[in-house]
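What follows is a single structure, written as structure tokens, with notes after it.
So that you can tell them apart, the chains are marked A, B, C and D in the order they are listed, and the count of residues begins at 1 in each.
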Amino acid sequence: MIEHAPVLVIALPIVGGALPLLFGLFADRLGWPIAAVTLLGQTVLAVALATTVVDGGAVSYVPGGFVAPYGIELVVDGLSAVVLVLIAAVSLGVLAYARRAGPHADSFYAQYLLLVAGLSGMTATGDVFNLYVFLEITGLAAYGLVASGRSASAAVAALKYLIVGTIGASLYLLGAGYLLAATGTLNMADLAGTLAEAGYDSTLVLTAFGLMIGGLAVKVALYPLHTWQPDAYADAHDTVSTLVAALVSTVAAYALARLLFSVFTVGFFDAVPIAQTALLTVAAVSIVAGSLLAVAQSDVQRMLAYSSVSQFGLVIAGFAVGTQAAIVGALVHLVGHAVMKGGLFAATGIVERRTGARRLAEYAGLGERAPVTAAGIAVLLFAMVGVPPAVGFVGKWYIVVGAVEAGTWSLVVVLLASTLLTLAYFARLFERMYFTAPPSASTTDATPVPDGGNGREAVSTGMVAVVVAAALLAVVLGGTAPLVEQIVEQTVSTFPHP
Amino acid sequence: MIDPSLRPVLAILASLLAIPLIFATSSRRTLRESVTIAAALTKFGLIASLVPSVVWGGETYEYALFTLASGIELALEVDALGLLFGLLASLLWIVTSFYSIGYMRGLDEHAQTRYFASFAASLAAAVGVAFAANLLTLFVFYELLTVATYPLVTHDETDEARAAGRKYLTYTFGGGIAVLAGTVLLFWATGTTAFTPGGIAELATTDPAIARAIFALLVTGFGVKAALMPMHSWLPDAMVAPTPVSGLLHAVAVVKSGVFGLARVILDVFGPETVESLGVGLSLAVVATATLLIASIIALGRDNLKRRLAYSTISQLSYIVLGLALLKESALIGGLLHIPAHAFMKLTLFFCAGAIHVETHTDDISDMAGIGRRMPLTMAAFAVASAGMAGIPLLAGFVSKWYIVIGAIEGGGWFFAGALLLSGVLNIGYFWPVVYQAYFESPDDHDEKPLVRGIFGGRTAVETDGGEPVGAADGAETGDHDHTDDEPEPYETDHLGKYNEDHDHHGGPPEGGWTAAGWRGGESTWFMLGPILAAATGAVVLGIVPNTAVFLEIVTTVVDNLGVMV
Amino acid sequence: MSDAEQPGLYVESTVIMTTVRVVTPFILTFGLFIMFHGADSPGGGFQGGVIAGSVVMMLAFAYGIEATRDWLDSRLVVAIASLGVLTFAGIGLGSILLGGTFLEYHRYPIEKASKYGIELVELGIGGIVASVIIGLFFVIAAGFGHAIDGGDES
Amino acid sequence: MIDTFLTHYNYYAVVALLGIGVYMLVESSNLVKKVIGMNVFQTGIFLFFVTAAYRSGAGPAVVHEGGGPYVSPLPHVLILTAIVVGVSLTAVALALIVRIYAEYGTLDEEVLRELDHD
């Protein structure tokens, strides 16, 4: 059965997504349990698949018996296995959060599972065009989810997200067209060989690279292509921003790496060094600009959103450097960031429910008003800054080691400075939570709401538990770096070298 | 008997596990304080039990926790150098814990639970720094120490405290980045970061330019916490923290972790020989010399007692750095011995400053004329410790400085020897007025100004209301205040606002002059006097019988382990 | 919100209504026609589904969204979508159960399994596409707040 | 010049469509026009694929007889899928626009931005 796992990780959430709608006709509120069962199964599948991959190398699957390159191939190697597990685990975690936080509509859970299916598809596919289809499935689900926010501005944010995201995906599709014109194939493994024959420095290939990477950079939200992201994160429902912030950009970044290593291959960078320099520059600019924009925000969720711009600069820089250590670092940071940013968005949701605070100034004295959540936020913040031994540090360590090995010194400086840049915006939040007196006489509700007490909106233990779990994971995940390193080492050796 | 190699782990856990207990007992003050004391005693016991086998038996114990990154384990190792720092920090934690109790009770501080918890966390990190087996592990605990001490610096929750906290984080994380960069480069160049007595062999053969870059990065990074100029300015600002924090952390744990890092870099990463051949020791020595002179001169012009002590700390830390940078055997012994010596003396001085603050709310030296009548024991301890600082024989400071000066002369560095002696004179210059005023002047006839107004850097005007916000805003004696509420809720009355009613009255002698207190402890509580006297006694013991006190022996072992000397 | 939605949004136009009324049956037939092809002739579920779905949207533009929503049983739309997904997944997973890979049609022990398999799948896909388009149109036009507050499931 | 235009007119059409699409996206502050621009942009891409499918001298993929220029079926299949995706996106976009109009009573981006800031 395990040999079918690559297709099952996509099919399972799709089937699961259909059930809430169907059962919704007969009974109420079945969405959550169905989604929970589906995602539990998904997690088991993903973990089993990852174990198989780690033990026995990459798994490829050809649905319908149409042999690649004619059929569509699904390939799961170490890199994708890690991301698959991440998708399943995080979506399961966020589901625990959604139980109380809602939205409770059955159609919400259908879209939720569709998003998981799209993300898993993006991760498992071995075909450039298929990647586009899953990219758009992911996009469609994400636009719908963002639009489910309570405020009307959510619809505006979703539309903005849709237009920018579609342009990004279209650019990617155009690039895929150039690849097809240059080589006549769309299968990733096939492309790696035929691209080398077509010549890496041919105009067609270069254009294809620019368009595809550019298109994915929109989805990753690198500066200056990030404009959709802060609105989408800040205006969406808390559950949605947690899920989207944790996974969507993450998987897009994975797809970018997949293109770099499996399609264009390291040989491309050797042949066209300017492409690498350009990508590194964009990543470095993203790190700095994202942080500076984050410092300027007064809304906490927007600050977190801009922080993502900066952190993904770090990830992409790691992938673009391309040495083994840097890839390990980028992957660790990808996983770590998903956990940390997801946890932070979940926490801001709890804070807003409990105290109504959205802006930085309103977070004053949170340490006493909601001690557990505040402590979770504090741990996540410092993990994000890169205080060892948390996962934020481990990822950065590997990326910096990789950058040093590659001799990209100016990048090393930016990477190191990113610690201080991150500190610049997160320290303000931390200080506000613990060392500023809460607004007392001026506001009407001066009485502090104790943790677990009845606040403005119900906050379940499960929601707080998600934040605490994220905080613990952020600290503990750093210890998995050797495992990730082993997986990447194994995977990198299978990357095509023309 | 617990396996010796497990003991460093347990020593860290001792204070780490105390944190949840401290939170759990937050509503019961006495119980919470006993938890702290118990943790401190356990920690010291565990570390002290390692002394015989490590120092006399020549053993080292290693314990690998888990692999952090490729080829690098998060590992603990107990060697003589680590033991020096670990023993010192844990011993003084006991003393400081008692003092903290007295201090926090005396001032009825808010958020005491957070205070004690952060304190325990800081100590866990400090001992981690001491027992780190490689540079990366050291870095991990070094950064954790920063995080753990941040709440202590910002404890007062005033604007000034927050500003100081921000500055502290910026400076130390900035330094952390330099350390990280240096560590990455080191790992890239040699493939290891493990501490090796006498230096990592591969470094000697590395491209000198890269080796120098690594050295510069590491020294800069650790230099921030060691308060080398020009990276010192966080330290005086951090004096807004409660005095026990300034005492233990900003005279012992935090700043010494920087110095300790430097020692590790010079002795166990590069090794004296490589440092010598790279020619980087001299530049470090020059920076240290400049720091110790300039800081002493600035100290002359500081009227706030804690700020003066802060600059004194900066100056004294540079003694240690200078001792390390000179690379001579005696200088190394002196430098390392100055770590405990300075710790005992400076702790005494800070405790005295704190006691004065708690009892009389006086922070400025110009207000302290005749205070010897009010606090005779405290000021006596203060006098002893300052004499030690200046290097008067029979006190701790003398022994260490003696070794450093010998080392300086051995190395032909008359310049450094001269600077050390000059600094000794300056030490007397800024400590003597305090002692003199306290005993031989009365509030009416004393000279209001400090010896020299700030002629170097810093603020030109002497801040009469000082850097310590509690004392600054508040001013009258303890009795004036309503101290019935145990822990004021910050959102009800912020810390500053609580005392705002008598804003214009500064600290200093009450209207009718200082009341005399006897020599039998009437001046304060024994919770505070005890630690003061204990620390002062330590300083004396180190000075009179350095060979009996274990520290000199540890230091000699460290230097012997280095093998071949330059 | 439905109060705010109505005025100004829908303008009754005889031209549009008449055109839609005439054209609709043909478009629906064409959609189904396309859907039933795909295995060995041009066509398929995606295209057919979109065409079939556009029928409802045309009705909505001609007669107003709320009116169309009331006319069309939302449960039908949902049922078609879910059943489409289940058809597709069922055929795919069925071949796994019969020992093949996902969607390996010729595992099924019937004549021309590939052709009928593909067309069944296309039909399923057509159903999904049509109803998802219709559903998305209605759901998002109303917003989830609507669905939650009113318990309106569509 | 004329020759290249005559032989490559389809590519000029692609570029024109892409350009018009992007221009509408950037310049128009009306959300509906933005969505139309998005559609035009996508159509340009579809045309590009279909055009690129023409291969002189290639053989047919399935049938092995006859001569003359054939068209690769693969891009057509891909584009059919892409068109479906495009239509779904348009459906979602229009649905969002309906909701935005119902909530704000305007489709002008500038006005929306001002409303959002209040």
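Assume a contact is a pair of C-beta atoms (placed from the backbone, for glycine too) under 8 Å apart; a residue touches a chain by one contact, two chains touch by 3 or more.
Here the structure is a predicted model, which is why all the values come from computation and not from measurement.
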**OP:** Consider the two chain pairs A-D and A-B; indicate the one with the greater count of contacting C-beta pairs.
**Re:** A-B
Subject >> Between chain A and chain B, centroid-to-centroid distance (C-alpha), Å >> reply: 43
Original post:
Which whole number of Å gives the spacing of the CA centres of chain B and chain D?
Top reply: 68
Subject >> Rounded Å distance between chain B and chain C, as computed from the means of their C-alpha atoms >> reply: 73
Original post:
Which whole number of Å gives the spacing of the CA centres of chain A and chain D?
Top reply: 28
Original post:
Which residues does chain A have that touch at least 2 chains other than itself?
Top reply: 144, 147, 155
**OP:** Specify, in ascending order, the residues of chain D that touch 2 or more different other chains.
**Re:** 81, 88, 92, 96, 99, 103
**OP:** Once you've mapped the touching chain pairs, tell me: line, ring, star, complete or other?
**Re:** other
Original post:
Mind pulling up the chain A residues that touch chain D in the complex?
Top reply: 129, 132-133, 136, 139-140, 143-144, 147, 152-153, 155-156, 158-159, 162-163, 166-167, 170, 173-174, 177, 180-181, 184, 186
Subject >> Residue numbers on chain D that touch chain C, as the complex places them >> reply: 80-81, 83-84, 87-88, 91-92, 94-96, 98-99, 101-103, 105
Subject >> Sites on chain A touched by chain B in the complex >> reply: 325, 328, 365, 368, 382, 385, 387-389, 393-394, 397-398, 400-401, 404-405, 412, 416-417, 419-420, 423, 427, 431, 434-440, 446, 448, 478-479, 481-482, 485
Original post:
In the complex formed with chain D, which residues of chain C make contact?
Top reply: 1, 4-5, 8-9, 44, 46-47, 49-50, 53, 57, 65, 129, 132-133, 136-143
Subject >> Interfacial residue positions of chain A with respect to chain C in the complex >> reply: 4, 7, 11, 14-15, 17-19, 21-22, 24-25, 61-65, 102-108, 144, 147-148, 150, 155
